[in-house]
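The following pair of complexes shares a single chain, subunit A, combined with subunit B in the former and subunit C in the latter.
And now, the complex of A and B:
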């Protein structure tokens, strides 16, 4: 129990220390840290619009955070979230805007298709790992860059609005039937039911991990593949399957960006930002717990959203929040440092 | 003939930053520390080289600045990976993120710009070739002798393949790893310096543009050896430099597919389709010394 508490302390400490370092930087720039953080906080949380913005920004991060977490449980590092988000988004845009069949062009069908696309894309790395022992970190990085190039191709040729000679590299908007319901239309922030779906995904992931045989097998493989094998678990199958499911989770985040209306229901340049990579930070800060992923996704989203308001109202560049995010990840990576310090204290007591 | 020469020169130029960053990554990984942070170290190198060149008015001091910045970033990675035995992939990811935020942040703070620095002094050329390019190929050739013919090189490979055995014969595993990782960052910083004050005379936002990851691909495709890395970098440099030429002959292939080639080749190499790539056996594993 005491260890669990200590485990929960580390993320809180990491955020706290990052904020202090950030305050130091802001102070060095000649601004008041309190003032800057005031705008950071109010920009992210005060008022309906701010809350809608923050939760909207958090939605894809919850999905990609779950994706990274899912692979972590199976003992793998999914750096390929960005490629999976892109593939999910492209399928959503392609089907949502180009398929005229009313039976197919339906938000539920499209979400399933996007999930399958992400599954297939990530399963390439899963297969390479399971069958040939290829390290998933390298293969998913390569798959990211293949996906990013494919994205540029798709936006410039087959999916381009107005054909290949259209005005700008983006898709036409998806049809009405393919759109996710808006939750706070009065704010005009495109905050949509995708957030609820993300929460459902959190519960499903938790359920799979804690209450099913599949979850038990995944964690067994993650803990020790050799003993899992000895216990009769089909390790290659679980490996490929886990990475595939991780891919489908990230892809749903990509689909939400398109079907939820962030970019007027189109797939446009840069719409996937860095959500795939953000998922790594989300899963790490959330200590690999599904609920932790929700909290840390909201935190990182709040930093992004609040950062803009801080830049608007003070002279502090919004990029400081990226620096904060990096420091948080570094501190989590150095969790042994905390443990050493905490243990040393115990000895001196 | 003239076209061939200019294609060859363009290939050498495009390959240079990838090559030196991959050689850097090789030192780190051969010694047993995975370095996903090459992209960030390169970006920091590009930025610092431009800034130092701007303030000192001397591009050669700028090169040094770029290498030191890359080395510092790598130093953080080294402390986390070696001393605190943190997850090396996580640390690398954080370094990439830090570099991308920090450089744009500092552009605003130092120059009140959001996209690029003002024009800064650039490094000179010898017969139309940037001195940094010459330096890079020199270092790449030297790295082969260093890794295979010197005591330090041998020690690097030893701590990456079998740290316990190296420790037993009295090699300080941590020290060798610190040296290797910091050197990898300094070389990635040199690659970055080429981008900002070799090829151009300014830093632009996100100017490494994924080259650190292509370097990682070159490292894997080149099977963690200097010769292999050189060949892979030249191939990837050619895919980049020859793009317009390739387009003329195969205009039915969109340029994006040509840009995918390095990554697809690397995947195939990993899968063993084009010669199996096997990483140093202790790469990514922290070493726990007993004394």
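And now, the complex of A and C:
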């Protein structure tokens, strides 16, 4: 129990230190840090609209954060979140906007198809690792590039609204039946039921890891593959399966962007931002715990959303939040340094 | 002027701000020209004390005197300057360089800018002749036997001017013949005026070689006596803190039919080189077959092939008419093979898991599932409690991390889990590695109980005494081949040693 508390302290401490350093930079820019942080906070959390914005921005990051932590439990670094998000989004847009059959063009069916697409896409890397020992970091990065280029192709040719000669690289909007329910329509922020799905995913991931045979085997493989092999666990299968599940989680994040109405229900260029990569930071800051992923996704989203309000209301550029993020990630990555300092202190006491 | 070359007085070393006490007020006095043994169980604090002597750790309190003068040893370099040299269990040699090159590494004689190799070779000859360490200065380290490599280590520290030599478990990697030669070398060193400290947990060896013995238990020096007054029982008593039985009574068991039969087994290692070369043996019900041999003679690959972890190139393994080769580890387990791996961290357990989860490991699907998807944690906890009681695993706390148990208790968890599996044949590798003397006794008892139950037992161990103690027959491996199978009654250390080195026994 004490250790868990200590584990939680480090991310909190990292955020705190980042805010202090950020305050120094803001002060150096000639602004009042308190004033800037006031707008950063209110912009992210005060008022229905702010909350809707923040949670909307957090939703895909929860999914990609879960994706990274799921693979990590199996001992793998899933750097391929971006590609998986893109593939999930493209399938959602393609089926949602082009398939007329009402039975298929249904938001649940589309989510399942997106998830399967993400599974298949990530499982390529999983299969390569399990069968040929190709390192997943390399293969998932390469799959990202393939997905990004495929995205360009798809948006400019087969899925382009108005055909290849259409006005801009984006798909037509998905049909009504393929859209996710809006949760706060009065805010006009597209905050949708995808957030609830993300929370459900958090619970499912937690349940798999803590209660099921699969989770037990995944953790065994992640911690000690040679022991797992001796215990009769099918290590290659678990490896490929875990990466596949990780991929489907990220893909759901992509589907939410399209079906939730962030871009008027179309897939347009740049809509996937860097959510796949954000997942790495989210999982890292969340200490690879599902609930931690929710909290850190909301934190990163709040920084971005609040950053815009800060820029609007003060002379502090919103890029300052990128610095804050970077400092947080650095500090978390340097966790061992922290621990060493903490321990050193104790020894000298 | 003191007659002691080294005195360590009231050494205390704590970690984590006093939470862990590794050395608790240890006083060690080493006379000039003696062979002083330091014995103690794993984790008793021997290594910490030696690291302090070598300057790798600094004591929390206490003083070190060398030749009667108080010294503060800041690092290994300084220790070497004082004349303290260490021969580690794991050698610190560059395998691609020659003996001479290794010896002068770090203090190379130079001719202009280049290494003066001739001077180095002369030095090797001079030093090795002086101490009776016959060795070829031009031999490449990787071509040398382990015993020879150890000599190079000794040579290295002598060359750097060591007067006090510290040997850390020096016989762990040697065959019996090499051990005898090492004893001779130690005698030569003493004759030349050197002093020796050696660390060991092998009681026989301590009795054979030392002049004085210091026993360390839980960070304290609990006993100190001349070897003349020592017996195995007395040392073990001091090490464990209670009387220890040595020879576990071997039960008389009527051996049944042949249960396991291995024929012409051929297995390659990771490098694609043949590691198990046409091995044949069989084991009957109620029989313990021991496999002796220097580590790395193919034992690991043999076990991995038998348990399905490694593909065999050729041959057959049959358990009660069922062929095992080519099956997955899971299927082989279900056929009735239990396996206590040689390296519990690599093969047997997940350190990050709790004790409860490790008890279930490998039988989680068969024994502890609620349905196809869910684990029955309540049952796991209940059984874990029961096993901890039955096999005396301490502390009796099912949620403690496996990695935090002592070596002996970790091994008991693994042993318990494997013995409780449905099985006819059990493979036990290095049953007491990293296990303290107190637990060795109970683990040996468990192995012998398997014999009583009529199981076929294969014991692989690097500890010859353990093999001699447990086995009904002893197969000796060398270079992947079984060089001989002896009945326990005919087996002597001498004979096994010859076979371990790849020699042949005269027909007689």
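The rule we apply is simple: the second predicted complex is superposed on the first by the 349 of 349 C-alpha atoms of A that agree within 3 Å, B and C clash if a C-alpha of one lies under 4 Å from a C-alpha of the other, contacts with A are read in each partner's own complex, and residues count from 1 in each chain.
The working rule: a contact is a pair of C-beta atoms (placed from the backbone, for glycine too) under 8 Å apart; a residue touches a chain by one contact, two chains touch by 3 or more.
Keep in mind the model is a prediction, meaning the values are calculated, not measured.
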Clash-or-fit label for the pair subunit B, subunit C on subunit A: fit
First, second, both or neither for A:231, with subunit B first and subunit C second: second
Contacts of A:139 with subunit B and subunit C, given as first, second, both or neither: first
First, second, both or neither for A:320, with subunit B first and subunit C second: first
Subunit B versus subunit C as contact partner of A:161, first or second or both or neither: neither
Which partner, subunit B or subunit C, touches more subunit A residues: B
Computed vertex angle (subunit A) for partners subunit B and subunit C, CA, steps of 10°: 70
Which of subunit B and subunit C A:128 touches, first, second, both or neither: first
Contacts of A:216 with subunit B and subunit C, given as first, second, both or neither: second
Least Cα gap, in Å, left between subunit B and subunit C after the two complexes are fitted on chain A: 6
Shared contact residues on subunit A - subunit B and subunit C: none
Partner subunit A, residues of subunit B touching it in the complex: 34, 36, 76, 80, 84-87, 89-91, 93-95, 97-98, 100-102, 104-105, 108-109, 210, 213-214, 216-217, 220, 254, 256-257, 259-260, 263-264, 266-267, 270-272, 279
Subunit A to subunit B touching residues, read off their complex: 29, 77, 79, 128, 132, 134-135, 137-139, 141-146, 148-150, 152-153, 156-157, 277, 280-281, 284, 317, 319-323, 325-327, 329-330, 332-337, 340
Footprint of subunit A on subunit C - complex, ascending: 15-17, 307, 309, 328-330, 333, 339, 341, 345-353, 357, 361-362, 364-365, 369, 372-375, 377
List of subunit A residues in touch with subunit C within their complex: 211-214, 216-217, 219-220, 223-224, 226-234, 343, 346-349
